[in-house]
Structure formats: C-alpha cells, structure tokens
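What follows is chain A paired twice: with chain B in the first complex and chain C in the second.
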Partner chain A sequence: MIKQIENPLLEIHDLTVSYDQSPVLWNIDFSLPEGKLIGILGPNGAGKSTLIKAIMGLVEPTGGYVKIFNKDLDQVRNRISYVPQRESVDWNFPASVLDVVMMGTYGRLGLFKRPGKKEKDLAFNCLEKVGMTAFAKRQISELSGGQQQRVFIARALAQEADLYLMDEPFAGVDMATETAIFQLLQEMTKEGKTVIVVHHDIHSAMTYFEWIIMLNLHLVASGPKSDVVNEDLLRKTYGGKLNLLSKVTEIIRQQEFNPLKN
Partner chain B sequence: MITFDQNAFLIISTASLIAISCGLLGVFMMLRKMSMTGDAISHAVLPGIVIGYFISGSQRGVEVIVGAGLLGILATLIIDFLRKKAKVQLDASIGITFTLLFAIGIILINLLAYKVDLDQECVLYGEIAYLPIDLWITDSGFSMGPRIIWLALLNLLLVGSFIFLLFKELKLTSFDEGFGMVMGIPAGAINLALMSMVSYTTVSSFDAVGAILVVALLVVPPATAFLWTKDIKSLIKLTIGIGIGISVLGYYLAFWADSSIAGMMVTVGGAVFLISAVLTSKKFKFRLGTQSNQEAFNS
Partner chain C sequence: MEDFLYFFSFQDSSIAFIVLGITILGIGSAYVGTFSFLDNKALLGDAISHSVLPGICLGFLLAGEKNPYYIVGGAIISGSAATFLTSWLKSNTKLSEDSIIATVLSTFFGFGIVLLTIIQKTGNPEMAGLNQFIFGNAIGILEEDLWVYGGLSLIIILSLSLMMKEFSLLVFNQEFGRAIGYPMDFIRLVFNILMILSVVIGIQAIGVVLMAALLITPGAAARFWTDRLSTLLILAGLFAVISGITGTYISFVIPKMPTGPWVVVSLSALALISFLFAPKKGILFRYISRRKYLRKTHRDHVLKSLFKATEEGKKGLSKDELLGLYPHHKKETLGSISYLLRNNQLNNIQGLIELSESGKTEAKRIVRLHRLWESYLNEYMNIAPDHVHDSAEKLEHLITPELEALLDNRLKYPKLDPHQENIPRDNDNI
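Entry: the complex of A and B
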C-alpha cells in the first residue's frame, strides 16, 4: 500500500543503495505530503538510517533520485535540518550545550563569518523549546542520554528549516521526555513544518504519527496512518517477529505500562 | 648579574613559535582523533623534500615546501582510501602509508646522494643548536638574523590565520562531520586544508627541530591540555602555554645537562604529560580543584 501525492514535499524515485555490492535499500519509491509528522518504521537492519542518509546526500545511491521541494538537494540545503543518531559523535568533545546548539546556525552564516548576538538569542530560544535553558553552560560530556538527544533537537531547530529528518531521536529517552518532544514536533507540524522520524516503538508510533512509512529493505507501505496500519502490512514489515511484537503491544495496551521504558 | 644570552633567546623563541603552530594544528588533529595522522605526515613528506631539493638544488627552495605539501596530501588521501575503500583499520593504514613513503624517501636520498646534501638523520632529528649561525643574508649583504626564525614566524602567521578564519568550520567538522556536510560545509576540503597545513608546518620546521619533535609538539601539548580543560578556547590557550613552557624548560635542561635540545624538549613534554595525567586522575580530583590547578599550571 503506497500512496503517492500530488505536488509532494519529498519525492523519492526508484532509489537503490548498496554497501560493497550488497543492496541495503531496493527500489524505494514514494512521495510525502507537506506539514505532517511522518514516521519511518521497520526492524533492525531494515535500512531506515540509510534511507535518511540517502535523502541527506550522506550516502551515494546506486540508482534513482531524491527531490526535495521539487529541487535537487544542493539547492535547498538551508531548508533542511538533520538530527543524527546520538552515538554518531564523541560527547567528550570540548564544547558546552550552547556551543553545540549554535552549530545549527553555521549553515546560514556561511564560510568565515562568526556567530553573533542574533545567533546566540536563536540558540537560547531553541534550548527553551526543548527545556534545556538551565544547561546552556554545561559541558556536553556531563549530560545524560536524554539530555544529549534534546541538545541535538535544539541544534536542528536552530537551523530554522522547513523539513526535519531525525534518526532515532527517542533512543534512550525516558517516557516524559519522549512525550514532551512529540508534543514539540506536533506543534512544529502545525506551523507547516514537515518532520520525518526514524522510530522503533510501534505503540507510540500509532499514537503520534500522521503518516507512516514501513520499510524492510523494500518499501512495504507509505500512507496515512489509518490506511497503512493493519496486521498484514505490519507482518510484512516485521516478518516472523511480529508475533512477539503484537503480544508485547497487547500487554502494553492492557496495562498502559511499558516495561522497556520504566 | 643577569646577562642576555642572544643564542638562548633565538633558540627558545624559534622553538616556541614552532610549538605554537604545531599546538594550534594539533588541537584539531586530536579532536578529529587523527593525532597519528600528523605523525604519518611528518614522515611521509620525506620523498617530497628530496624531490623538491633535487629540483631546486637547495634546501631552502619553495619547491621543497611544495613537494612536501603534495606528499602530505597524498599520504592523507592514501590513508583515507585504505580506510574507507579497502576497509583497513585506521592505525594499520597509517602504519602502511607512512613507512612506505618514508622508505621511498630513503631510497631517493641514496639514488640522488651525489646531488642532494641531505640525509634521513637531519630530517628526523634536526639540529636547533645550529640555528643562530644559519643566517638569512639579503642580496645587498645585510644580515636579517637567523633564517629559521623567519620561516617559523611566517609559518605561525599562516597557521594562525587559517585557524582563525576557519575556526567555526574546523570546530563543527571535528565534532560532527556528517551534520556539517548536510549544511553544505565542504568538510572534505577543510580536512585536506588542515592536512596541508600540517605538511607545510612539518617541512617548515624539520631542519630546525626535526620530524620527531614536530610530532611531539603536535600531539603532547594538546593531549596534556585536554586533561585539564573541556573548553575549546582554553584548550587552545593552554596548549600554547604548554608548548612555550616545554621550549623554555627543555632548552635550559639541555644546556645544564649538555645534551640534545630537541631531545630534552620532547622529554620535558612527556614528563609534563605524565605529571598532568597523575594529577588529574580520579584519585586526586576531589582533593585538587582542576580550575586552580590549571591557573597554577599556566603561570
């Protein structure tokens, strides 16, 4: 079930990506609407992160193309924002929380120019949105996993983009923070921004995302939540593992309790 | 009575200038986890030096610096290729690259021995003690003072402006290269520019302090400073302070022990690092505040 869109915000055509001759994404073809909170679901190794990286031009596709705002990536870079996986950087780097959030403004500043008061105010504004103002001067090595994640989201906000791509922003984040971040993302989509999130937890995905992409090397589904969430497609995405998953989700629904997060 | 020893002043100030250039670059090499790439570059430039020397017929020609710069970049590209395309581990690819290039340099020296007054000893160890007698004489016969101090000054000027102009980009690409690339910052070009500056600094300093001291100055002061501070600007300042401290202390200890100046500077650097490592280890942390130590260390 793949629903295509007229005048899409993001269009991916026949995209194939391979590492060392072995393909990790096969013939991905979908288009996405503007102003939606979009989730990418799939099991480990399904190519979710690779898809995000291919959209951002960080991995070279073997075939196919990506169009954003109906243009090539290079023409629209300053309208796109990226939240990489938390583990992708060394948090021992000598920088404060504010330093890292300011990095989000570098793209608009351009080469050689230094960030000034305007950029600093913007950074503080973004820190406030993720509830991290009190930590502005804190060394990033002294943050917890959830706080690191919020710093990365604040940095992405400082890019002032129209399209946000987030790679597992909820990994290692507690329930309260997850809810707060999801609310922030929902506010952003109300302002017309588009947010694409790689996500693990099916249960919260059902609650928050409006549009869902299901991926397992091939594209299984892409469409509004109500159209694509059914047992058949979930089984196709997660294969045999779905039995376990559906049992777990069932328990969670009954008890309103998530043992993995508490 | 205090006397002004002009030779001591010249040697210490040259060593300090080189230490500052190396420290500035070394901070970013360390933050990129590429300290050993600096080591590789300092050895891999040898064939470039020999070829440049052969073409220009002089150790002072621009060709020598250009040759070394090109070889430095080539070494970086080979290391990158081995790591990313051939899937060799970083440390192994560094080991393969610089030993190979250094060996080619040695063979070239032997082949061109009758034309090139150069040996691997002088590249590896240098001799800073001869600095005051190696003068820059202008065409009109006027002596401008030691040649190497001018080279070191020019080197510091270029390295300093490089770091100053690209500070924001260097910081970002050292922390999160992918994020920088997504924003359209030319991360690959910045990396190559940094490696070129390291190559240039190595060749500009080799006949004064030798490749080994250059490596020590690239690695030891930043690594020591990083034990004391977690702020990038104080990290740079402290690195500069340690570099100067090593130069001064190394010179006088060598003078007192009547030994190699460059060797003593490296030894002092190692000792300062070890003392810092012991003082900042967890055992001592709650007894000594790191901040007050850092100040004490600087003065």
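Entry: the complex of A and C
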C-alpha cells in the first residue's frame, strides 16, 4: 500500500543506498503531503536512519533522487531542519545548553559570522518551547537523556524551518517528556509545518502520527494511518527480512567493488 | 639567582624577544591542540610532528644552509603529505586509524633520520644547528627565525578565533554542520592545515619529537578544571606558556640543554597537579567527597540502629552495644557517635545513647526512605521482599525530597513495607 501524492512536499524516487557495499535501502519510492506528522516505522536495521540521512544528503545514494519542495536539496536547505540521533554526538564536549541551541541559527547566519543578540533571543525562545529555559547556562554533560533530546529539538526549532526530520527523538525519553514533545510536534503541524520522525514504538505511533511509512530495507507502505496499519503490512514490516533480499545482499557484498554504483 | 633575575627582568632584549615568541607559539599550539584533543584526534598531532623531519632535512639540502623559509616550507610540505596520506589510507583501506598513524609516523620519521645522517656525512659546517630540530632549542633561535614562527603563530590564533563556531561544530556535530549546508570537508581541511602549522611553529623551539606534547597536554590538563570552552582555551594557553618559558629558561641556564624535554617535563607536572588537585574532577577531590559520603552513610546507619532499638521498646543503646553492631568499623562508629552528639542528634544519658528530637526526625526519614524504596521495588519492579534490602541500604542515602514525594504518591502513602514493618512518618510517636 503506497499512496502517492500530487504536488508533494517531499518526493523520493527509486532511492537505493548502500553502506560499504551492503545495500540498506532498495528502490524506495514515495511522496509525502504537507503539514502532517509523519512516522517512519520499521525494525532495527530496516534503514530508517539511512533514509533520513539520504534525504539530508548525508549519505550518497547509489541510485535515485530526492526532491524537496520540488527542488534540489541545496536550494532549500534553510527550509529543512535535521535532528540527528542523540548518541551520534559526544555530550562531554564543553558547551552550554544555549551554545548548542544557538547552532540552530548558524545555517541562516552563514560562515564566519558570530551569533548576536537576535540569535540569542531566538535560542531562548526555542528553549522556552521545550521547557528548558532554566537549563540555558547548564553544561550539556550534566543533562539527562530526555533533556539532551529536548535541547536537540530546541536547536531544530531555532532553524525556523518548514520541514523537520528527526532521527529517534524519543529514544531514552521518559513518558511525560514523550507526551510533551508529541504535543509540540502536533502544534507545529497545525501551523503548516511538516514533521517526519523515525520512531520505534508502534503503540505511541498509532496515537500520534497521521501518516505512516513502513520500512524493512524496502518500502512496505506509505499512507494515511488508517490505510496502512493492518496486520498484513505490520507482518511484512516486522516479520523478519526477505530471505531472497538477504541472499542478494550477500552476493553484492562478496564482490571486490560495489556493482550498484553508477 | 643571578641568572634568574637576568632572564626574567628581560634586560637582554633578545631574551625578551624569545620569551614573547614562546608565548604566542604556546598559545597557538595549545589552542589548536585543545580542539584536536576534544575531537579525539590527539595521535594525529604526534604523527604530523614526527613527519615534518624529512621536510626539514630536504629544505636544508635545497638551501644548503639553515634558511627558515626553506625549512618551514619543507616541514609544511611533508606534514601535509603525512596528513593527506593518513586520511587517504583511512578511506581506501580497512586498516584502523591507530595502525595507519603508527605506520605513517614511523615511516616519515625513519626517512627523516636517514636524511639527517646523510647531511651529517656531507660535513657541511651549517649542519650543527640541524640537530636542534629533534629536541628543540629555544635559546638558539635567531631573530629572523622568530619572525617566521611568531607570524605563523599569529595566523593560527587569528584563524581559530575567526572560525571558532565552525570548528566547534566540526568537533561536536559534524553531521549537523553538513545538514545546514556548511562545507564541513573544507572546514576539516582548514583545521588540518592549522594543525600542521602549529607543529611547524614549534620545530625549532620544542623539536619535532616532543611537539605533540605541547599540542595535546595543555588541553588535556585544563580539561580537569573546567567545562567551558572559553575557560578551557585560556587555561590551556596559560599552561603552554608557563611550560614554554620554563623550558626556555632552563636552556638558557644550562648551555646545550635542549628545550623540548623541559617543556614536556613542566607540562607533565602541570597535568599531574591538575589530575590530582583539580576541584570536582581531580582524584583528591573525588577521594575526599567519597570519604565524606561514606562517613555520612555510617552516621545514617547508627541513627537507624538506634531507631530500630526504640521500635523494639528500648530507650537507647550503650556505646558497647552500638560498637558490637559494626564489629569491623570501630573507629567509624566512634566517630559517628561523637559527631552526632556534637550536633545534638544524640544524647548521652548516663552511658545510654538515645536519639534526641532532631535525631528522631532524621532517623525516621532514613528508615522511611529505606522502606519506601523496598515497597517500590516490590510493587513496581516485582522483586521479592527478601531481595530488596541491599538496594534500599544504598538508596536510602540518595533519595531526594522530590523523589520521596514521588515515591509516596506512586505508592499511595503506604503504612507498611514489604516486610510488614511500619513506615515511620514525622508526626508518628515512637
């Protein structure tokens, strides 16, 4: 079940990505509507993070393309905000919460310019939205997992984007924080922003997402929640990898070079 | 003493000049080194510093004399070659980074030593100074050389200050930088160039073998004292300058004494002091706070024992009875008793030690936390009543009033713990 959209906000066309010669995404092809809270679901190793990274141009696809707002990524970068996985950075880096949130303003600021009062005010504003104003001066090494996650979301808000891509923003977050963040995301979509979230918990996914993408190396489904959440598609997503696909991956891996590269 | 006054009064303008040079050199290398230390790339600095030796020798061979421009140029070229080779090997082979660095470092350094030996055989009278590049000699620096090294140091300091935000992004979250469209590969390239330059500025004063220490140790030592980047950079610069001047002074006092080793020795002393005495992260501070904590827990245990005695209907316990409860901790128990007596939490009434009013409140609080935690483990984590005691014995000292309120709320203000013992409240009579 893959529902395509006319005039999509995001269009992914036949995207194939491989890491060190192992294909991790096969011919992903879907399009997404504007102003929705969208969840990417799938088991561990399904390629969820890779999909987000490919959209952000952080991994080189071996085939296919991505169009955002009907344009190439580089033309619309400052309309897109990216939240990496919390574990991908070293939280012992000597920086304060405010320093990290200010990084959200760097994109508009450009190279070599220092952030000023305007940027600082914006950062404080975003900290307030995630309820972290009291922590502004705190060192990031002193934060709990949930607080780190909120700092990352505040940084994303400071980018003032139209499309938000978030990689596992709920990993290691307690229930109260999860609810608060989801409410914030819902408010954002009400203002017409689009939020795409990689998520692991199928239960809360059912409650909050309006549109769901199901992934298991290949695209299983993409569509409104009511159309795609059924037993058959869930089994295809979570019921192990396709046997034949694993075998093909193995053949490709054993070559001395990457045969999928154009 | 005379030497000391002569050196530090800077009446000799050449000494003042050298000290100034060492100061900006130290700040520059500590500045770059701190970023590379935060980036967990400390070894790269070592690789670069060893790899500049063949370049220095080739520069000398080409110029036929100790010309600073040829030597610095050669050093930059061979340092760049080593850096480029390291990253090329990393992306094109499956070798681990540390084996690549070890290989590149020893290959370049070995080649450098071969060239140095060849130069020595030529019998060129100029070559006497070339040995200085191994371990450094700050006093031997000519004014002309100082302009080159000082100028490069200023370039490093200025570039880093200008690109502070870009380099922080590079170290903290490179992917995010790429996502917002920053040319992260270019920023990495600029940073690597600054790394090479920061090695090159030290080749004459500190020497290639030990230059890596001046890059990395100041930042590593300063990290013990602060969690703020600005303070970290200032402290690292200060450490580098102190040890740089110390090394120079010793080279001045003892003729033919190389500067590099003394810089490293004084840097290591600063690092050791930081490691031992820095507040919060220093080993002494942590030892003392652990001891304080252990003393407090023992006092809590004494209060708890007295509380349990009152639960059994006794008024108090004698000193010997209390000591008997902790047979291996006689000294701690005596210490706890006298501390608690001094703080009026205990009363000594004709040899019988009893809880005072404030002692009772505190004892009740500890017992309450212990039993609340036991109840929580039992009810919410399905742990059998006979398995909950050990955990509660540790957590009773840690649970904050907020957590206590939360526990009470979750457990609906229980009266009894899993062992059917009373959970004491402040206004309970005992």
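In the analysis below, the second predicted complex is superposed on the first by the 239 of 262 C-alpha atoms of A that agree within 3 Å, B and C clash if a C-alpha of one lies under 4 Å from a C-alpha of the other, contacts with A are read in each partner's own complex, and residues count from 1 in each chain.
The rule is simple: a residue touches a chain if its C-beta (ideal position, glycine included) is under 8 Å from a C-beta of that chain, and two chains touch if they have at least 3 such contacts.
Owing to the predicted nature of the structure, the values given are computational and were not obtained by experimental measurement.
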Superposed partners chain B and chain C on chain A - clash or fit: clash
Touched partner set for A:Glu6, first chain B, second chain C, both or neither: neither
Which superposed partner A:Glu191 touches (first chain B, second chain C, both, neither): neither
First (chain B), second (chain C), both or neither touched by A:Met56: both
Which of chain B and chain C A:Glu231 touches, first, second, both or neither: neither
Contact residues common to both interfaces of chain A (with chain B and with chain C): 53, 56-58, 74, 77-78, 80, 82, 84, 88-90, 93-96, 99-100, 103, 106-107, 111-112, 114-115, 139, 141, 159
Interfacial residue positions of chain B with respect to chain A in the complex: 31, 33, 165-169, 171-172, 174-176, 178-185, 226, 229-232, 235
Chain B-touching residues of chain A, taken from the complex the two chains share: 53, 56-58, 74, 77-78, 80, 82, 84, 88-90, 92-96, 99-100, 103, 106-107, 109, 111-115, 139, 141, 155, 159
Residue ranges of chain A touching chain C (in the complex, touch as defined): 53, 56-58, 74, 77-78, 80, 82, 84, 88-90, 93-96, 99-100, 103, 106-107, 111-112, 114-115, 139, 141, 159
Partner chain A, residues of chain C touching it in the complex: 38, 40, 162-166, 168-169, 171-173, 175-183, 223, 226-229, 232
